[in-house]
Structure formats: structure tokens, C-alpha cells
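Lettered A, B, C and D in written order, each chain numbered from 1.
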Amino acid sequence: MQKIPVGILGATGMVGQNYISLLNDHPWFEVKFVAASPRSAGKPYAEAIRGRWQLARSYAPDVGKLVVADANDVEAAKAAAKRGDCAFVFSALEMGKDEIKHLEEAYAAAGIPVVSNASANRWTDDVPMLIPEINAAHADIIVEQRRKRGWDKGFIAVKPNCSIQSYMIPIYALMQAGYEVKRMFVTTMQAVSGAGYPGVPSLDMIDNIVPYIGGEEEKSELEPLKILGSIDGGIIKNAAGPLVTAHCNRVPVVDGHTACVSLEFGVKKPSVDEVKSIFAAFKSLPQELDLPFAPVQPIILREEADRPQPRKDRDADKGMAVSVGRIRPCKLFDLRFVGLSHNTVRGAAGGGILNAELLKAKGYIQ
Amino acid sequence: MQKIPVGILGATGMVGQNYISLLNDHPWFEVKFVAASPRSAGKPYAEAIRGRWQLARSYAPDVGKLVVADANDVEAAKAAAKRGDCAFVFSALEMGKDEIKHLEEAYAAAGIPVVSNASANRWTDDVPMLIPEINAAHADIIVEQRRKRGWDKGFIAVKPNCSIQSYMIPIYALMQAGYEVKRMFVTTMQAVSGAGYPGVPSLDMIDNIVPYIGGEEEKSELEPLKILGSIDGGIIKNAAGPLVTAHCNRVPVVDGHTACVSLEFGVKKPSVDEVKSIFAAFKSLPQELDLPFAPVQPIILREEADRPQPRKDRDADKGMAVSVGRIRPCKLFDLRFVGLSHNTVRGAAGGGILNAELLKAKGYIQ
Amino acid sequence: MQKIPVGILGATGMVGQNYISLLNDHPWFEVKFVAASPRSAGKPYAEAIRGRWQLARSYAPDVGKLVVADANDVEAAKAAAKRGDCAFVFSALEMGKDEIKHLEEAYAAAGIPVVSNASANRWTDDVPMLIPEINAAHADIIVEQRRKRGWDKGFIAVKPNCSIQSYMIPIYALMQAGYEVKRMFVTTMQAVSGAGYPGVPSLDMIDNIVPYIGGEEEKSELEPLKILGSIDGGIIKNAAGPLVTAHCNRVPVVDGHTACVSLEFGVKKPSVDEVKSIFAAFKSLPQELDLPFAPVQPIILREEADRPQPRKDRDADKGMAVSVGRIRPCKLFDLRFVGLSHNTVRGAAGGGILNAELLKAKGYIQ
Amino acid sequence: MQKIPVGILGATGMVGQNYISLLNDHPWFEVKFVAASPRSAGKPYAEAIRGRWQLARSYAPDVGKLVVADANDVEAAKAAAKRGDCAFVFSALEMGKDEIKHLEEAYAAAGIPVVSNASANRWTDDVPMLIPEINAAHADIIVEQRRKRGWDKGFIAVKPNCSIQSYMIPIYALMQAGYEVKRMFVTTMQAVSGAGYPGVPSLDMIDNIVPYIGGEEEKSELEPLKILGSIDGGIIKNAAGPLVTAHCNRVPVVDGHTACVSLEFGVKKPSVDEVKSIFAAFKSLPQELDLPFAPVQPIILREEADRPQPRKDRDADKGMAVSVGRIRPCKLFDLRFVGLSHNTVRGAAGGGILNAELLKAKGYIQ
């Protein structure tokens, strides 16, 4: 099979690096176009990234040779598309929110689908915010999005914030099994890679934690409602629940966000054993479609008393599975558990790639 | 003033070391007797502790010269009491729970008051579990305790677990101001010093957290009820609330337990500004009595967005004040905040010393 | 090809776990026999290891089903050998040095070759201490070893301490190129995984380093002399040099030992550029034989100012390559550089596997 | 005694904060003037520092009320001097090296003595680079400095880089006792506070070390020669030795630089026991003068096998003493030891304060 050529917007940032690293040897996609800030533009990627590459795995030699385009220059991407080097882009842009919003729209208007990691378009009402195991059906709003905007091939699809990936799939698995989740307490302990590089100063992360991450609690409380929402009248309408309160903390961990969760169910309440069975058995569309980045089991159930732990569990199924443990009753609500996922894989670039795979399987990317 | 001579049971363990370090230059108390395991007995403390002292501050030279007694040998303590070297003991014993319970009773029966850090007697119904700012009145159950047991001078008083010290005083301040606290979610991020030495392996605390501490959640959920209880018929009866659910985690921090708290009030609910005023203004008996280890302000209010933090706030008022910040509404309950206290000072040896000061001020220790 | 069945002595310890994990899908070897302490004996491996497995990668399901033998019971291994489940063993025994020495000899005497990670037989004069890129020829002393001891198929071969793996191959590459290394200063900064589990307490590794590792400096100073020695009169005679002084430190790193090295050459001294060329070009027998665990390039040259770093470079070529950087003149001696290798892969189980591959290629293992 | 009013240049930076914190309750000096960048100028210090104060100890309320001046505006300092608020300044300026050099000269020319922490004037040949225990006599070059520059009251005195404070006093103690130190290998493991805030990214300091600190090795190799130099013809001439080679590393430690040192003596060589006696007995001028910040013993000898360690030893004698341990022979040179000092106290602000105390005792500051 001829691989689909993809572009990376924001290719020199941390998320951009993760896309490039994870797309190495991808069976469907191949990085043929990279764009970044004007500072990097015009240089071969290998030169632009010198001394800034943060990952243990290096980039592919072919990517190193790509000449970096200016991400603000949509014409460059159009030209790349014309010469067959850019069927769609992953957006890992790092600029002002409004700038990203307009730039992503300009790419889409130019006929280039945008699969975005940025938060700028998460609350655009005709843009799907996808977790393929949960709301693959939201992808179909792209038809309406294109119609309204007058776009033919282009569109925008986004993924939610990394902080919620450690518990949304488990929550959804329970809802799917017929248990309404009404209210939810979440305390997250989030890895520093979520803040990029240089990101969090080491003086804040040696013998310390920081009980605050700007904007993170708001995202954690609101995004679940859109993800669980439904398409109605050409837009995605929020679900009524679950109501969420979030406490977000930064801890000295490189990769892997951990969440302590308490759930209140509706009238029907599962037993601890039922919850375990539901988690262990859960599969969804990405598994049925056998998408390349889909974890075999989206939820990995750990029975040890002290798991999941970031260093030991974040890489489960190449970083795409959520690990869940400590399933036990809650004194105030009904159920407590600990969820963990890899924030730069499932929670960022890996999640974006899975979204693109879904969109290709559904025919929106060609 | 002639200082009161005190003994330390478990003088070579981590908590014992903290007692010895904190009692250095104490205005009322002076360490004149040390007891530990048979392995250490018979040696000067300086020799017994060689290579095991964990603290930055060293012990006083006079303590180094004390010959360590066998903590199992109550007669040794009686002899020390007789020669004027042991008016009471701090128990930092590390053995089986039943052994500690019986040994503490044997000391008390021998006329030696026991101010304990151990959990063994926390649920003995005529033993007060003291946080002097909250339930100083519980000390008076000692009269009944002595009567029932037939003890003249001896008694047992304990302190609660270190995990709850970061939020119990703030909670109490609100209750004191007339706001019933009905339910409470707590997620703790606890320092490794709470597990003693060698304690938590470094392989678990580099690039990692552990979302589990054996027995800690149970203690965190139950002990508040006794602390807030009342003396009734010669025993301490638990309060009916608040109901608590706790998620306890171990994080790579040397000292300082952080707690993320969500509170549900009764009918009457304070505003965020009222809460801040109540916290900032709170004082209690230890402050009135001007006890040596009493913090000037039991609750220190931090207004910065990202505080309190363990490394920066644990030493507030010599480690005896609780720092509180991020006071904001809760999406599900009424109020959220972050509390922090020094687990080996306020949460262990320092809290024990404050208990002893209270008991002296009330005349139970002489 | 039919895989060669191997046994792991000390299969539940940290090094044993690493062997099992690294041998997963090995093209030549297959774990068919596991032995550990009497405590684990008789249980399926999955049960014996429950709650003790420390690695992110799990063991193969087939290994989980193996019933653990008592490592002290050589007859059990003989029986396994007879039924075709144990052609040789990797020794990752954790017991007293003398016990290990005798036990390894007993296995060899029973006709079972021992490829050992333990230090017990490192200074036995007819036992080769192998780094295949350096002294593959030492393997041939096995002929003499068997003759003297009256062993037919059994033998003992060992690997050196993990602390020296970060610089011995680079040193050897320079010697090989004709530059005598006369004297050498080394300061190591070693990962905690080198101490096993529970190993180093977290209280020693948060906001701290420990400038001491028992026995490590002695090994670092002496072992190079045997490795670089020659077979003479049926024993391995130490080389006269290089003379080494080592400062060994423990730092808060999970995996990866870093070494700061200063070298004094003999009369002939290479330029910095020559050194770089020699390092980059170095290949040796394992590369020629294309052994499965041989790194493509034994030495990876990093040109960045601040590399190698443990987290970013330890996994180079699956943890089997040594990364070298900061090559620059020395103010006192001739050359300075920083070397880094993965202590539990190249420095322990991975190095042991490469030894076994060499010994198979040379016909000593069949 | 009326306290001497002092100013802090660069009062909002990390070193400036340390000066302000350490000068709290200083018996001789009182902070009455603070200057920083134009951004902070005009605001009360409490407002300028809001959200940027990094230390556990807070600043004094009176300092919080001082209105921050623009550090570039020497006239502001002159006015402060005239009204009795600034007898001299501590320079903790953070700008380009040339700018600092000229600005410090401008202050001195304006009659305001400058006691500097910056590196800008370290190699100005009539500026003393002081460690009071070693080269207090260098202070007397101020007479010549003033004469040549035509300054009456002003002058510049500096302190050396923090990296060398962990071993220079021990080295000097040995030289003082008659043992020439000819050559010296040093590997440092340096704390992150040395890089200021935000400084080193946490992604580089979790499960990692960085074997490189820009410019640090050069300073470590050269500055000892000036410190040990002599006044000759109105300038300080470098000593001929010791020759030093330094390997400088950044490690995940908040405060406290550790150094592994190997020394080669001249013909006369001390025994390990003599070295210990020399270290333990060493006292110098600051001790004789009983300067407030002088440690009682400049060198604290640790006999434990695994000390000194940063977290346990950096605060020795309020962070002003150097802790030394692991004194043992060197395989290549003569002696090995490990030295440790607090980099932001002895190595920065505390060292600057001790310099000012010496200069006051000698009459240069009034």
C-alpha cells in the first residue's frame, strides 16, 4: 500500500517531536512535510532541531532531510499537497489560541484536513473532540462542518486535553454497560512532559510537588461533557453529565498522568466485581477496525494493591492503553479507582494518530 | 525553671530521632532517658545510633552519652523515674501493634505517663487522641482513664495519624465558626519520611508515584470522627461526621504531606472570602496558653495560585503551622482547598511535644 | 532452528528478571528452567514473582508457567538438562560470595555451563571475565578450565562489574588503535537499579546523592587489568595497566551509569579528532559474527555539548551500545570524555546474554 | 551598635533573594536599599517579588516596604547613600558580563563599595577574589585599586565561583600545613539552585543527570590560581599551581555542590591521619575575628563511610562550613576525598556576606 503523506505543524515542539517519533514506521502514514516557526523555516529538519530533540528515540533520517516550512504559510502546505507530500496535517502548533484557531481554519479552507492536538478549536461547536473508543460517531459532523464552511476536502478534528485520558475510557465503559455516572471527583498527578520543554523548572520538581496547573481543572471538568455529547442540529451538544470536580497537580514524573477517581452512579450501581469485568472486557470501534494504534485492550486491569504506577504502567500496549487499579468502594460516592495513561502518547501524539486512523477508516482522510 | 526530665521509647527509630532533635533546647523538657530494642540496649546512645542518624540537625552531646535502656524493660524506666530522670515518656515504639499496646499500658501502670505517637492505643476508648487546637478538652478523660485502670500518675494519650494533619485544623476552624462539614473528599500526596528508614525504595520514587499506602486511607477516614467526638460516660464517643473518603498516595517528597480537599457544608455555607478570614483569624487554646511548640497562627493562608508546596511551606512556623491555599468553590460540593503540613514535625514528633505541653499545662504531667 | 533451552539461577531477583525479560523472543535461546531460593521453589514462576516483578515489560506467559526449582539443588537442573530443558544456565544468584562460588562450580561439574553475572568467580584464575568486544579470546581458557577441573561440558564464564562498562570499550578501542592508556581517572555516577530492589532507600535519593558504593571502587580499579590480561600457563594473567583510580557515586537515576574519565596515554597520543574517528569506527568480533545482542556500533559518538545523558542515551541500540561524548583535552592528563551505558542491560543481563552468544558461536555452548 | 545600611543590586533574582534572606537579623548589616531591573523599579519590594520569591524563609516586612530602585541608575544609590541608607552594596546583578563590569565600576566610582557575587570583575587584576579563610590579605589591594582608579571610598571585591568552594578551603588547609598541592582532579556534582530560577528544566533532572555546565570547568580550573596568588606591583598575580582538571555535572539536588577530589602533593606527603587532623584543626582569620558569618570550624570532618551528602550536610554551621569525608589514598595521585558545601550560602550570598564582614573588620567598609 502506498502510504498517505502527512504534514506536522509545529514539528520542532515537544508534541511535534512525539508525532515524528511515533509515526516512524507507521503502516499507513508517512511524514513528508514539516512546518514550524519562521525561525526554523528554510532549514533541513535535522538542522532546525539540533540540540532541541528531547526524545530517546531519534527521528527517521528521511525526516531529518525535509526542509522546514513556515507554519504560518498555508501556501507552502498547499504546494506540498499538490506535489503529493501532504494529504493532511497533524497540528501541534504552539502559539496564541486565536492564532491557532485561524491558522487551523485556513489550512482546512485550503483543502488540507487538520487533526489537531491544540485546544484552540476544542469548543468550536461543529468540530469533533474525539476519543475513538468513546465518540467515533462525532466524526460524522465533519460532513456538516464542510457544508457550513464551504470546505470540500478540508476539516478540523481535535482531541481533548491529556489530563482526562486516564479515566474517560473507563468511565465510558461503565456507561456503555448501562451504569449512569452522575458525579465524579478526580485528583490528577500529572507528569512534567505535559508542560513541554523547558516547561516546569527543576527547582519546583525536586523534593516538591505543585498543586496547580493553569487552566487544567477547567478543561478536566468541561471536556467530558462535549465528548459524551451528541450531534444535534449540525453541532455537538454537551451531555448533561457527569458533573466533575477536578484537582490537578504536577508531580516529579517524566511521563504518565495518574488520576484518583470517585464515582457516583445513578440508581443502578455495579459491584466491584462487575466493574472489573466491564473494564477487562471493554473493546470498541478502534479494536473492531483493528486500527494500527488501537490498543488490543483499551483498559488494562491491574490487580496488585499498589498499581498502576507511572513508570511501570505508562508504556502498556505501546503507551495507548489506560491502566486501571485499586477498584474499591467509595465511602461517599459509589466507586473509587486509580487510572493512568501515557500523556504524550495516548494523551497527545498517539491519540492524535489514532484519531487520524479513525478518520481514514471512515473515509474523511484519503 | 527546673526542666522536666523525659524519656524516649524507640529512641533510635526515625520518630525517636525526631523527638530527640526537636527537644534540643526545649524550654520545659529535657531528654534524660532513652530506650530502644535489646540490640541497642546497654550502649551509649551515640554508639547505638552510629550510622543510623538520619537528620540534618544532630542530637545534643548529653543525649549521646545516655546509656540506652531496653524498651521492653519497664523496670529500667521506673528506676530512671525514681532517680529523677523520667517524669514521662514519648512513645515512638516500632513493634507489633499488640506489643505496643501492652507495653504502653505497662509504663502507665508503672506510674509513667505515655505521650504516644504509635497507632496502637488510638482506638482505646478512654485514651484521648489529641490535636490541641481541636480537642484539648479530651485530655480530661485522663481522670477517668486513671480511675478505671487504677493508675495514679500514669496515663496514655495519643496523637492521630500524620496524613490528616494537613486538613483537620482548617476543617475544625470552619466548624468552630458555625459551618457544619458534612462530607469531605481528600486526596493526599504524602512524603517518604512518613514510611521511616529505609522505608520506600528509591526505585519506586524516581520518575514515579505509588497510589497506595497500606492502612492509610482507613485511618484518614476514621480518626477525624474520634478527634471531633465527645466524652460521654467515661469514654470518647465518635462524632457522627464528617463522612470522609480518602485517596492516599506516596510521592517523591522528603517531608510534607499535601492534601487536596473538597468539602460539603450543611445548610449554612460560607463564602470563599469568609473561609479565608476564618482560616487567617483562627487561634485556639495552645495559642492562648502560649505553649512553646504552638504555632503563632495554626493556619497560614497562602494567596499565590500555586501554593502551598511541600518544599517551600512545610517549615512554616518551625513545621508546626498548617499552610492552606487554592481556596475556591467546588463544582460538586461547596469548597475546595489544598492543605499542607510537615509530617514528621506537626504530624509526628512536634505534634507529640505539643500534646505533652498541653498535658503539662493542664496539670497531668508534672 | 531449534532454540537452545536455558535456565536462570536467581530467577526472581532483579537481574534474573532482566534475563527473563531480555530473553523474550531471543532468536537462539529460550528460558525453559528457572531456579530461585527455597522460598519460591515449587511454585509456578507467575506465583513466585507476584508483587515482586519490577520491570515495565512483563515476562512471557510460558515462563510464568514454569515451576521454580530450588537453586541449591543441582540435581534439579541436571534432571532438566536430561529432559532437554537446560543446556546451560545464566547465574544471577544472590547469596554469600562463597556459596555462589561453590554452587556455580557444582553446576559446571554437573555438566551445565554457567554464564554468570555474579562477582564470586571473577578472580578465579581460569575463569574468563568477558566483554566480547574486548577479550573474546579469553573464552578459550575454557578448554584449560575443563581439563584441570575434569569437567566435560560444564564451565564457568563471568562478566565484569556494571560500573566499568561505560568506559572499557572506548578505552580498548583506543588501545586497539595503537594508543597505550597508562593511567586513568574515573568518577562514576551510578543508577539505583544497580543495587537491586528494595536497594537504595528513597530518603537517600530525593534531593541527594551518596558518594559511596561499597566495594565498587575496588572492582572498578582491578577488573580492567584482568579483562585486558592474557592467557599464560593455563590462567589469565593481569595486564600491567592501565592504572585506575575510581570515585563511585550513587545518583537518583533509575538506569544508566555515567562515567567522567581522564586518560593519560603513553608516548603516542591521539588528537581529539582521531579519538572521535576511532570511537565512531570501532567494531569487533560480536559485530563480525553478527551476534543477536551485539550493538551495530559498540560506541555511539554524541557531538552535543551536554550528552550523553542517562535518560536519553541509555537505550541506545537496545541498551547494548556505549554512548560517549564531551571528548576534549584534559588539563592534567591527555584526554577527557563522558561515557554512559545501561547498567542492567549492557552492564548485567544483556552483557551476560552477549557472552553466551559468543560462547555459542565459539562452540562452548551447544 | 547602629547597623550599617546595605543595598542589594539584583534584589529580585535568586542570589538577591538569598542575600535578603540571610541578612535578616544580621548583627552588623541591615538592608535599606534594593535595586533591580527597570521592570521592578518603582514598586515596593513585596509587590515586585510577588510570585517570584523562591525561598522557604520569607523576607523581613521592612524589606517588603522598600521601593525598588533601577539598578542601572547609580544616582538613586548615591541619593540613598546620602540619606544614610546605603553604605555599600552587594552585587547580585544578572545581566551581560560587560554591563555588570561597567555598572559595578560606576557604583565604586560613585563612592559606594561593591561586594560582588558576579563573575564580571573576577579577572580584573586589582580586584580581590576573596575566600576569607584563604586570602584575606588580598583585601589590601583595595588601597591600590582606589589609588589607581581615583576612588576614595568605593571599591570592588568579588567572590569566586560556587563550584570550587567545596574543596578550596581543605586544599588550603593542607598547603598551610606545609604540603604543596601540585595537581588536582575534581569531579563536581552540582545542585540546580546554582542555575537560578527557572534554570534547569525538570525534564533534564528527573531520572537523569547532565554531564555539562557551560563555563564551569574553566572557572574551576582557573580561579584557584588567583585565590592562591599574591599581590605584586599593585595587582594580584596568579599562583603557579595547583594544576586542576575539572569535570562538572548537574545532578537532581536542590542545594549543595559535591566534589570528588584526587590530590597530588609535592615531595612532602601527609598521611591520611595527618590530613584528618589538619582538616579538623583548621581555623583562620574569620574565626579569630569571630565574624558573624564565620563557621566555628571551616572544615567539618565526617568519619562515616557514605558522607558527606548534600541533603544531610549542606546546612552544617548554617551552610557556611565545608563538610569533608572519605579521606583515603588515591591509586594514581596521593589522596582522595569528597567535599561538600552549600552553593547558595557559602558558595554565593553567605560567602559574599562573610567577605563584607572581613572588609568591615579591616576598615574598608564603614
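The criterion applied here is as follows: a contact is a pair of C-beta atoms (placed from the backbone, for glycine too) under 8 Å apart; a residue touches a chain by one contact, two chains touch by 3 or more.
This one's a predicted model, so the numbers in the text were calculated from it and none came from an experiment.
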Chains touching both chain C and chain D: A, B
Maximum centroid distance from chain D, chain identifier (CA atoms): A
Pair joined by more contacting C-beta pairs (A-D or A-B): A-B
For chain B paired with chain D, centre-to-centre distance based on mean C-alpha positions, whole Å: 40
Whole-Å gap between the CA centroids of chain A and chain D: 48
For chain A paired with chain B, centre-to-centre distance based on mean C-alpha positions, whole Å: 44
Contacts with 2+ other chains: residues of chain A: 54, 204, 206-207, 252-254, 305, 311-312
Residues of chain C defined as touching chain D within the complex: 183-185, 187, 189, 204, 206-212, 214, 221, 243-247, 249, 251-254, 258, 260, 262, 305-312, 325-326, 330-333, 336, 338
Touch list for chain C against partner chain A, complex: 51, 54-56, 206-207, 254, 304-305, 311-313, 315
Chain D partner contacts - residues on chain A that touch it in the complex: 54, 192-193, 197-207, 252-254
